[in-house]
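Before I ask anything, here is the structure I am working with.
Note that the chains take the letters A, B, C and D in the order they are written out, and that residue 1 is the start of every chain.
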Amino acid sequence: MTLDEIFGLYNYWVVICLMMTGFYIVIARKNLIKTVIGLNVFQTSVVLLYITMGKVTGGTAPIIPPEIAAQHGEHHEHSTAHSTAHSTAHMTADAPHLDHATEHGHEAVTPLTQHADHVHQTASAMADHSTELIYSNPLPSVLMLTAIVVGIATTALALALIVRISEDYGTIEEDEILLIDQRDSSH
Amino acid sequence: MIEFLQYHLPVLLIAIPLIAAPLAVLLSNRYIVQSLALAVCWTTFGLAIWMVAIVNQSGPVSYELGGWAPPYGIEYRVDQLNSFVMMFVSGLGAMVLTYSPYSLKAEIPLSQHYLFYPMYLLCMTGLMGMCVTGDLFNVFVFLEISSLSTYALISLGRTRRAPLAAFQYLIMGTIGATFLLIGIGLLYQMTGTLNMADIAEQLEAQRLVNDGQWAGSRTMLVAFAFLTVGLCIKMAVFPLHTWLPNAYAYAPSVVTAFVAATATKVSVYAFIRVVFGIFTPQFAFELLPLDTALWSFSLVGIFLASIAAIFQQDVKRRLAYSSIAQIGYMLLGISMADVDGLSAGIVHMFNHALIKGGLFMVVGCFVLRLGSVQMDDWKGAGRTMPWTSFAWVLGGLGLIGVPVTCGFISKWLLLTSAIHNELYPVAILMLISSLLAVVYVWQIVEVLYFEEPSEKAKHATEVPPLMLLTTYTVVGANIVFGVWTTYSAGLATKAAKALLEGGSL
Amino acid sequence: MNLFSPETIIQISLALPALGIVLVLLTGRFPNLRETCSLAVAALLFLVNCDLASYVFSGGRPSWRAGQLMPGFDVAFTVEPLGMLFALVASGLWVLTTVYAIGYMRGHHEKNQTRFFACFAAAIFAAMAAAYSANLFTLFVMYEIMTISTYPLVTHHGDQNAKGGGRVYLGILLSTSVAFFMFAIAWTWKIADTLTFTQGGILSKAFSEGRVTEFELAILLGLFAFGIGKAALMPFHRWLPAAMVAPTPVSALLHAVAVVKVGVFSVLKVALYIFGLDLIRDTGAGEWLCYVAAATILLASLVAMTKDNLKARLAYSTVSQLAYITLGAAIAMPQSALGSGMHIAMHAVGKITLFFCAGAVYVGAHKTNISQMRGLGRAMPLTFAAFLIAAISIIGLPPGGGSWSKWLLALGAAQSGQTFLIATLMISSLLNIAYLIPIPIQAFMVPPGEKPMPFKEGPMLCVVPLCITAIGSVALFLFADSIYACLLPIVQ
Amino acid sequence: MFVSIFILTLLVVTAITIARIGDLWAAVMFTGIFSFLGACWMLILDAPDVAFTEAAVGAGVSTFLMLGTLALAGKTEKPTTSSSVVPLFVVAVTGAALIYGTLDMPHFGDPNSPVQTRIEPSFMEKSQSDMHGLPNVVTALLASYRGYDTLGETAVIFTAGIAVILILRRSNDGFKSNDVFNSQSNSRKGSQ
């Protein structure tokens, strides 16, 4: 195990610790509300796990700065004829540059000044531009938005059940409830 | 029009019940909602049959939702296996719903009926969605839709234990779902995609790059473990089954019949998909000793659950334990990983859905008239409710696996597969364990026919014709598919072949 | 009368009992009509079978493939002489038993007669289909159907006694068939790749190719012998006495003819067409089975002597006689196999007579125990005369049909050189005399007590069938050589 | 780097506190804090949308719901009597498995991991051409490529909503609480 690995993975390990704490609360605690709290912690930690995956070092949030977006839109309208060439440029430009993204960092010169008159040049400029900004992967975020909502739905349902159980049994401790049930069936 | 429908068929299977659910809430009139739900269920069943026909004719169908091709968008992928599962899930869903009105009236307050039906439809949506989708994360979403609605349905039971049972199921189920989510996350981490076929391709590619060695196998291993454990909880495989007996026992009869017939089967389907569609049998069974693990757990589970079933006085609980045992047979078949074994597992999903659905419907009939699920109260009911009792006998014979019932078909396929793989001890234990089913089924038969009628049974009358008719349709299907196996064992074998030969996900 | 092709006749003779079930259920409300239907179907079935027999015994082997239950496992029928003989016996005795059952059930005011006759027809259907079955898979399916369809008959009375008897019956038959028989079939399929009954056996080829060892063959034979629980080999014989809680017609037809005979018939079929006699003999696979069968013969006879209840004694006698048939298969000489085949018929006719008599005594004089039957012979002379004739046949003395089959068995034993088996057969015959002959002798010879019974036979419908079967067992003695000739192809 | 280590430490401390604390009010509060810290960290990880949602839903709505439940159902946890060895063991095994699984994972922030490179052209570019320059790609994805998950999510919320109504609404119209379901006499006796 090298130091490199430890630095590369410690994030995950902490998240795993969090998940396991949540999991422990769920299976060890007999209080129904506490169980639900544990479930919450567990699920939140899983969300963190996903988000951790999407992160790229030196990247930014997957929101395209307005000026680039605007430019893109403008460009899109202007050069419908060349749009194919444009998107090809995009594709080829991005992948190799990602490797060097960390080294380049913020040193890359903003190529706005190089904005040329010709449409062809615009295309290549666009490609350069997108190498400069690295985005973290948006997909985990998308998935986790769904997961969070699913989580809250589950929590709400669980809490409703707890309210019902507490009304029926007068307690929310699982041990006591089981005791009451046992007493019930013994007569 | 027909072409349009045919093109959008995969999504219609999900969309129709999904759209009908809020509509039902808005309509909020019990009768209208009921008719709507019925119409929707039968339509879905019809479409599912159509789907099976299409897949059989022209091979797997792919549908890109919103026109976004994978790996960007979500893909629906219907092949022999999931069209088959969807067919029987929707079929039983429709059948149980048709059966339900009298039973519901007796067990659920009338004012809640208009909410019951949307819940039921949502549950079906979730189950169908889990089957049809080709996207792993989408499986999770639909799993949650079906689970949440199942929890709510279970909590409708008339005793105060029902909400508790639902809560326990909720905790277990959510742990399972979260494990699934972790597993999906790890897979995504290693492959960068969520589409099942794509993941499978990526894994294969990584393997080839590494000269046939599994790349990143430690992460894959853990991902696989989490997916397996998560699904095992939903399937109620033996040591993770604890939620099931209470959930089945305290839910309203109709809900038990529906859930018992469908929910665990769909999880088994998802498991098959994960093992054979994403990871390969080579990975699961050769690199990992999953087969040994599966069949040992299955056998232990079969024995313990069957023995537990024998000691239950509560008939629903008895059948619940029997369900745990029967899941063992499905996994046993899957663990054989050859065409016979896998088709035994798949066809047993179908057969068991019919058998258990039918038996729980019979239980519902008795509950309606006797008001009890205790064996003592069922004494001598064979005299006052002869038709219902005979339905129990027929269904029970299926559960035992007597020839000409569909239970025999699965048992035979399982046996030949075990023998073929030279797993003689497994074959013998499997056969012996199936005898335990004789005990727990026949105890009830004896109670029904050989005891002096109990107070309740003395004054009981036969249930309404509608209930009898639907119950007999399902129970009779037991016999039909025990004799005529083209569309059960035949389809299952096709599906198994497709899964094993050339990863046709 | 060649109205139909033999294939069609197979279909007809399977369809007839099925039709019988439906007709009985439909006409349940009108007892007379119901019984007429029952009887008509039975008679028709027998006639049809006779027609088929003339074809089969002259060398025809009609077959019909009904369909496929699973890929690779057909439900198919082929009629060969042994199956034909069994089918003839079963269908012929069905006619008589139906007559008898009508008399008995009415004389006894039994409940649920519709269910009774329907299940009866179902059992015969299973017997017919088993007799014709072309492969082991079909045989097994029919074997199980028979178990299930006879359960309601065994537990007909619906009381605690019936429940207990039914439990033992179902428990032993199902568990042996599932745990051993089914396993053995699957194993055979694995070894031989086929389950079709073939002259000379399918396993001999596999053995010569080295796909199975001698030891495995011995185990396999054991799985079959014990797995076919209906053959009542000890220690899995308990179901047979337990099933005696059933009404007497059930005991008569099912436990003297259909059920137990399906058992031994299956054992014979397996020996002849799955293993092949040569294989059993050459590998010594059947050797230990000889001992088990011999032990069963003797032990069951000894137990029979201790029973005072007539039906119980007859039940143990059946256990013993069935073991003869198994023994014949285990010796695996052509003569012994033929003896076994013939004994199916001889014993069936003899034993059904005895049961008919027991039932007639019960209906006529309400006696069930042997000790109460002293001096009853003067009141029921026909019944006890029939009993005597049938007993002689069972023991194996001329002029009873049983003498031929036992003679062939002894011949086979002698050929195989196992002298202890001959001794066993002799001792057993003596025991048979000891437990069967005293009954009619005491009935006739011992003077009746202070209150002599008036002359009172059972109902007409009971007495006529038992006379016919008694005459039948003598007739079998006279025509034994033609049966022998008919059966001969099975060992060639 | 240091900020994230700081937040991670706080997260762990909070989680352990939640596990140990007996007062449910406090536990709920700490859960809110946990969610909030989680949201902060997500912000650092370039996921502002999730962070906001987590802050709103996790720290806000769910805390609110739990407090509501507490008000109805009692606020202290009874100390558990049962041994915690088995749960600890289960958790240890699960955790160990997960950590074992991480060993082959691409390192944190690795731009060459399959997650970043598999889909080519990436969602960023694809959505630019497909959505005509919608700036927030997460939103674009949510509504387009994975719109179907979003529909499912809506269905989940809808399900939960109806479920809560079904569970909480107590109506016994026309129902005598007889022993229809269980002879073990479990008629509902409310606590009141």
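Rule of thumb we're sticking to: a contact is a pair of C-beta atoms (placed from the backbone, for glycine too) under 8 Å apart; a residue touches a chain by one contact, two chains touch by 3 or more.
Computed from a prediction, not measured in an experiment: that's the story for all the values here.
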item	value
Pair of chains whose C-beta contact count is the highest in the structure	A-D
Centroid spacing, where centroids are CA-atom means, of chain B and chain D in whole angstrom	27
Separation of mean Cα positions, chain C and chain B [Å, integer]	44
Separation of mean Cα positions, chain D and chain C [Å, integer]	70
Chain centre separation (chain A, chain D; CA means) in Å	13
Touching two or more other chains - residues of chain A	19, 23, 27, 53, 139-140, 143, 146, 150, 153-154, 157, 161-162, 164, 168-169
Touching two or more other chains - residues of chain D	98, 102-103, 105, 113, 115-117, 119, 123, 146, 149, 152-153, 156, 159-160, 163, 167, 184, 186, 188-189
Graph class of chain-chain contacts, one of line, ring, star, complete, other	other
Parts of chain D lying in touch with chain B, wherever the complex brings them together	97-98, 100-106, 113-119, 123, 126, 144-149, 151-153, 155-156, 158-160, 162-163, 165-167, 169, 171-175, 178-184, 186-189
List of chain D residues in touch with chain A within their complex	4, 8, 11-12, 15-16, 18-19, 24, 27-28, 31, 34-35, 38, 41-42, 45-50, 53-54, 57-58, 61-62, 65-66, 68-70, 72-74, 77-78, 80-82, 84, 87-88, 90-92, 94-95, 98-99, 102-103, 105, 107-113, 115-117, 119-125, 128-129, 132-138, 141-142, 146, 149-150, 152-153, 156-157, 159-160, 163-164, 167-168, 170, 184-186, 188-192
Touching residues on chain B, where the partner in the complex is chain D	18, 21-22, 25, 65-66, 68, 71-74, 106-107, 109-112, 115-116, 118-119, 122, 125, 129, 137-138, 141-142, 144-145, 148-149, 151-152, 155-161, 163, 182, 186, 188-193, 202, 216-223, 225-226, 314, 367, 371-374, 376-377
Chain D-facing residues of chain A, complex	4-5, 7-14, 16-25, 27-31, 33-34, 36-38, 40-41, 44-45, 47-48, 51-66, 69-70, 72-73, 76, 83, 87, 90-91, 94-95, 98-99, 101-102, 130, 134-146, 148-157, 159-164, 166-173, 175-176, 184-185, 187
Residues on chain B engaged by chain A in the complex (per definition of touch)	137, 140-141, 144, 148, 151-152, 155, 160-161, 163-164, 166-167, 170-171, 174-175, 178, 181-182, 185, 188-189, 194
